[in-house]
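Heads up, the next two complexes both have chain A, just with different partners, chain B and then chain C.
The block that comes next holds the complex of A and B.
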């Protein structure tokens, strides 16, 4: 690598930061010079987030074009992550708005150290078992390392760029999204249909609710075991029924096109109770007078449901999409492990299952960590989407 | 003009007709269709577990013959599951770990919620953000690094590895913070006038007012810990400390062919403790999710 590369990068990012903040300051009626200076400094420093630990290795001369592109992507991510919050904070400070709403604390106890003592157990555990492993995952993703081996080799971003060239990994991503989207869409539609009946104030409503919601307490592993019986080629009840009714037999566990559906059906069965619970809560909060007004205006039942109930439920639907996606990404692991073991021919190997196979079974920690980070980025994307879209409207607390 | 009023009147009458059922429809039980469909839904949802219970009393030849009444093999299956394969031991381990984590998590979340609502300290919002942002970090993603760290601590194959990393809860801290913030400040003011310490106030005043939130959180946490699968499979090697979700694997391997009876018995047995917790705390769980509102 030529020694001017770090300077070149920082000059470019500094210029971008300078332009963005100067423009923002001018629009806010403030000094362009001040904004430009702040933006230039922050922009020049931003690439260091990734490039200091990586030592600018993606721009070494023997690297491929893909590595360079990945390095530029990292720098762009760092730049956005630094400049956008900085722009927001500096504009609020200039506008003499408080950055965070000052909260009055009526009835507060006195004591300088007491709050820290109360928080200490939570913070210590979060730092040791969540924050430290998160950072370590990033470090591991740049290494060729094995558990139990003393030495590890720095491999720059190879663990990431090789994923992009690996057709079988793209297949894993495809399977993950296929299974997740099917679980979310089918699961939510069925749950809403059932909740739409169960929220009615009919006789025995409490019993119906209990009988509908209990699978929440069943584990993903047990769901896998029970459906292993139901889907089994010998003695499985589902094929017995299909054979007698329609004369078809489906290779649920050994046909690569059918196996994902076995996982999807078992997962929907297990997670539906949770969805029904939330939809019942949501439907009970739909104002009755709104529905009655629409009925008097001549809207039929379907129109009322389509035009009033579904839009009013959208915050809950969105919350459930996120929780079901997270369920499909992570919790299906146990179902898959019992039901199909990731097979046949990797047809049910999701990203999480692949992390386990690569990182743990094959003991390639670096590759496993890189795949974890990819999944991490997806989860962060989903969570940010959830916060932005639903904000405070979703209340699942008492 | 007249026809317009007529249509409005007609649609109003039609709408009211849906509310007040008259004539022949009054003879049919109210919302019979809802009852029929709900029973159908309950049956379909209940069927897999019901069939698993049935098979847990059967031999493989009963299963292959699609026998829809209980078999006579329950005692043999029980002996194989609980004694020969030692599922009992795994169940005890799981109960212990689930209770320990649920209890510890609730306690730590109560303390954190207390700090966030009843104290003024610099950097409170940063600390709150620091806790809340961990909602985005599922343990599964960190599993490789966490596994290495726990091995460095020499916690491999111990209960510590199954309990300690899960004691802090962003969800719990957040729920209790919300709940405490809705409790009138006069309570803590008068408690302070009476000379109560923060901990006395927490355990004598706040906790008795928070049973619904505590119950809802307890169900969520108990089920979460009870369902853990990949992490215990990684860190626990021996049989003595393994949890039941992983322990059920011993019912699959080891035989020439899969015996469904014992496997289903194990799966059903492993579902009983969380179902008990769910049923006992159902009221709290539902009201924790704001379900109790309707009457």
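The block that comes next holds the complex of A and C.
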């Protein structure tokens, strides 16, 4: 790497920071010089967030274009992460608004330290078991490392750039989305249908409801074992029934097209109790007078359901989409592990399961760490996207 | 009042003394042993440890079980990071190179330091049979204590084979093919004909039979292996044969790989879904009993080989017990005493009888060939052995005459020509490379992929893993 590269980068990012803040200050009727200086300093410093630990390795002369592009992406992320909050904070200060909400309510603590003392146990646990390991994952992702090995080797961003070139990993991402979306969509539709039935005022409704919610109390691993027995090719109930009724036997566990459905069915069954619980609660809050009014206006049952019940349930649906998506991404792991072990032909290897196979089974800590960071970023992105898009159409009140 | 006080005082002293004195009176030294079994094999090991503890009260040997080799392997690496290693760990044969590189372990030979007995238990390393001591002798030094040693063999359901007009279990791949054609033509044909666990070990066996090494530098035995050859003709032949059997509808493949694959084969064989199953000799007892329980005749035979290249021999499988480095002297001596006793003539014979793993000592095989083995073994025998139906049913007759399935694995190894290929590969990251192998076969069989291309891709992937392993683990 040529030694001027760090300076060149900081000059460019400094210029961008300078321009953004100077413009913001002018708009706020303040000195462009002050904003420019602050922006330039912050912009020049931003790349260091990633580039100090990486030592600008992505710009070394023997690196490929992909590495350079990845380095630029990291710098852009750092720049956005620094400049945007800085712009917001300085505008608040210039506008004489407070930056931190300081509400003194009657129940507030008087001392400065008492709240910290009370928070300490939680913070210690979070730092030890959540923040520190998360930060360490970033460090691991730049290494070639194996558990129990004599040494580890710094490999810059190879663990990431290799993933981008790995066709089998793209396949894993595709499978993850296929399985997750199927779990969420089919799961929610079925849950709503069943909740609608279970909500009917019939004899013994309480018993039905309890039984319907039951599977939720079972752990994903147990769900995996139960369905492993049900889907068993020789002695399993499902193939026995299919064979007797239709004369077909499906290779649930060794047919790459059928296996994802085995995982989807098991996961839906496992999470449905939770969804039904929320939908029943939601249905109980749908105002009866609205339904009655619609009925008097001549709306049939389907129209009432489609035009009144579903829109009124949208906050719950929105909430369930997020929780189910998280479930599909992370908690299906144990079900997959017991049911299919990621096979056949990797047809049920989701991103989460792949991390386990690479990082734990094959003991390749660096690549596993890189994949978990990617998954982390994707889940954050997905959540933001959901809040941005779906959130706007949710009706929170009649 | 005074009396009462002194009474209390005396009582107090008495109770205190009772509580404390045993602590001074030599507490037994703890010796922890980790093994990769959770079934009756763990029970057997624990019962043996209890008998050992009675014989040597200065030691307290405890045996803990892990679900499988792979899990124990990671648990050991984790424990080492936390300085919480036990005294003895069971490592499977493919982890030998990893165990050697890890620096966690000390060779048995160096721990013995030329002693001929430890705590009165004699050291007789010469008594171990050839292929076994060959595998675990590294750089000329006896490194780990052999325990469960097996070979890959085949179990046949003779009721089905006989019905199809096949009198003896097929010996070659072509014979299997022919037998399957006959079996599948039966009116009441089983669903499939042949199955095997998609575990890397079987692939390795079939490659070794063709006298082809899996890795360079004499299978990693003359120098550190730096290249795996999954794209050799021998490797492709294995994949191609399996694929051909699959295409013809003869082969049952459950889709389970590695450690998960065993149980699926058990089920297929037990429910007579197949006529033949390649399997480990480790479960000879279980497979023989399966036939008895379900009313069919089970015959064990050598693992079928490629008729094009002929049969050179088979390699061993199983695991050995590794002694942890840096133990306090009394713990190390306790561990050594246990290892020597645990693998003595009687215990090796007992282990063979209750499982089907081969009897690793020549003296055990000699004893079992006589008619009075039962009386010799009974005094120190475990409950698992005493409860064993075969042991009870065949006492009074030479063991191998009464149970011919039990000699097959030992014969297969005894008749094997020891070459670089049949000694088995020593490879770093071998457990990970095995996953690449089973994944490749999975792809060939289920995604209908071309064996040549798939094995070439697998070879590239395996070599990358090996290169990275060597980069991180090879000594400077």
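Please note the rule applied: the second predicted complex is superposed on the first by the 322 of 398 C-alpha atoms of A that agree within 3 Å, B and C clash if a C-alpha of one lies under 4 Å from a C-alpha of the other, contacts with A are read in each partner's own complex, and residues count from 1 in each chain.
FYI, a contact is a pair of C-beta atoms (placed from the backbone, for glycine too) under 8 Å apart; a residue touches a chain by one contact, two chains touch by 3 or more.
Computed from a predicted model, the values in this text were never measured in an experiment.
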item: Touched partner set for A:95, first chain B, second chain C, both or neither; value: neither
item: Contacts of A:53 with chain B and chain C, given as first, second, both or neither; value: neither
item: Partner chain(s) touched by A:253 [first = chain B, second = chain C, both, neither]; value: second
item: Which of chain B and chain C A:340 touches, first, second, both or neither; value: second
item: Contacts of A:147 with chain B and chain C, given as first, second, both or neither; value: both
item: Partner chain(s) touched by A:235 [first = chain B, second = chain C, both, neither]; value: both
item: Per-residue touch tally on chain A - higher for chain B or for chain C; value: B
item: Contacts of A:360 with chain B and chain C, given as first, second, both or neither; value: both
item: Residues on chain A lying within both footprints (that of chain B and that of chain C); value: 147, 232, 234-235, 360
item: Residues on chain B engaged by chain A in the complex (per definition of touch); value: 11-12, 14-15, 18-19, 30-31, 34-35, 37-38, 41-42, 45-46, 48-49, 51-52, 55, 60, 63-64, 66, 108-109, 111-112, 114-115, 117-121, 124-125, 127, 130-131, 134-149, 151, 164-165, 167-170, 173-175, 178-179, 185-189, 192, 198, 201, 212-213, 216, 223, 226-227, 229-230, 234, 245-246, 248, 252, 258, 260, 263-264, 266-267, 270-271, 274-275, 277-279, 282, 286-291, 293-295
item: Chain C - residues contacting chain A, complex; value: 70, 74, 76-78, 80-81, 98, 101-104, 253-257, 260, 267-268, 271, 273, 429, 431-432, 435, 439, 442-443, 446-447, 465, 468-469, 471-473, 475
item: Of all residues in chain A, those that touch chain B in their complex; value: 100, 103, 105-109, 111-112, 114-116, 118-119, 121-123, 125-126, 128-134, 136-137, 140, 147, 194, 197-204, 208-212, 214-222, 225-230, 232, 234-235, 237, 240, 269, 272-273, 277-278, 280-281, 284-285, 292, 295-298, 301, 326, 330-331, 333-334, 337-338, 352, 355-356, 359-360, 365, 368-369, 372-373, 375-376, 379-380, 383, 395-398
item: Residues on chain A engaged by chain C in the complex (per definition of touch); value: 144-153, 232-235, 251, 253-256, 259, 340-341, 343-346, 357, 360-364
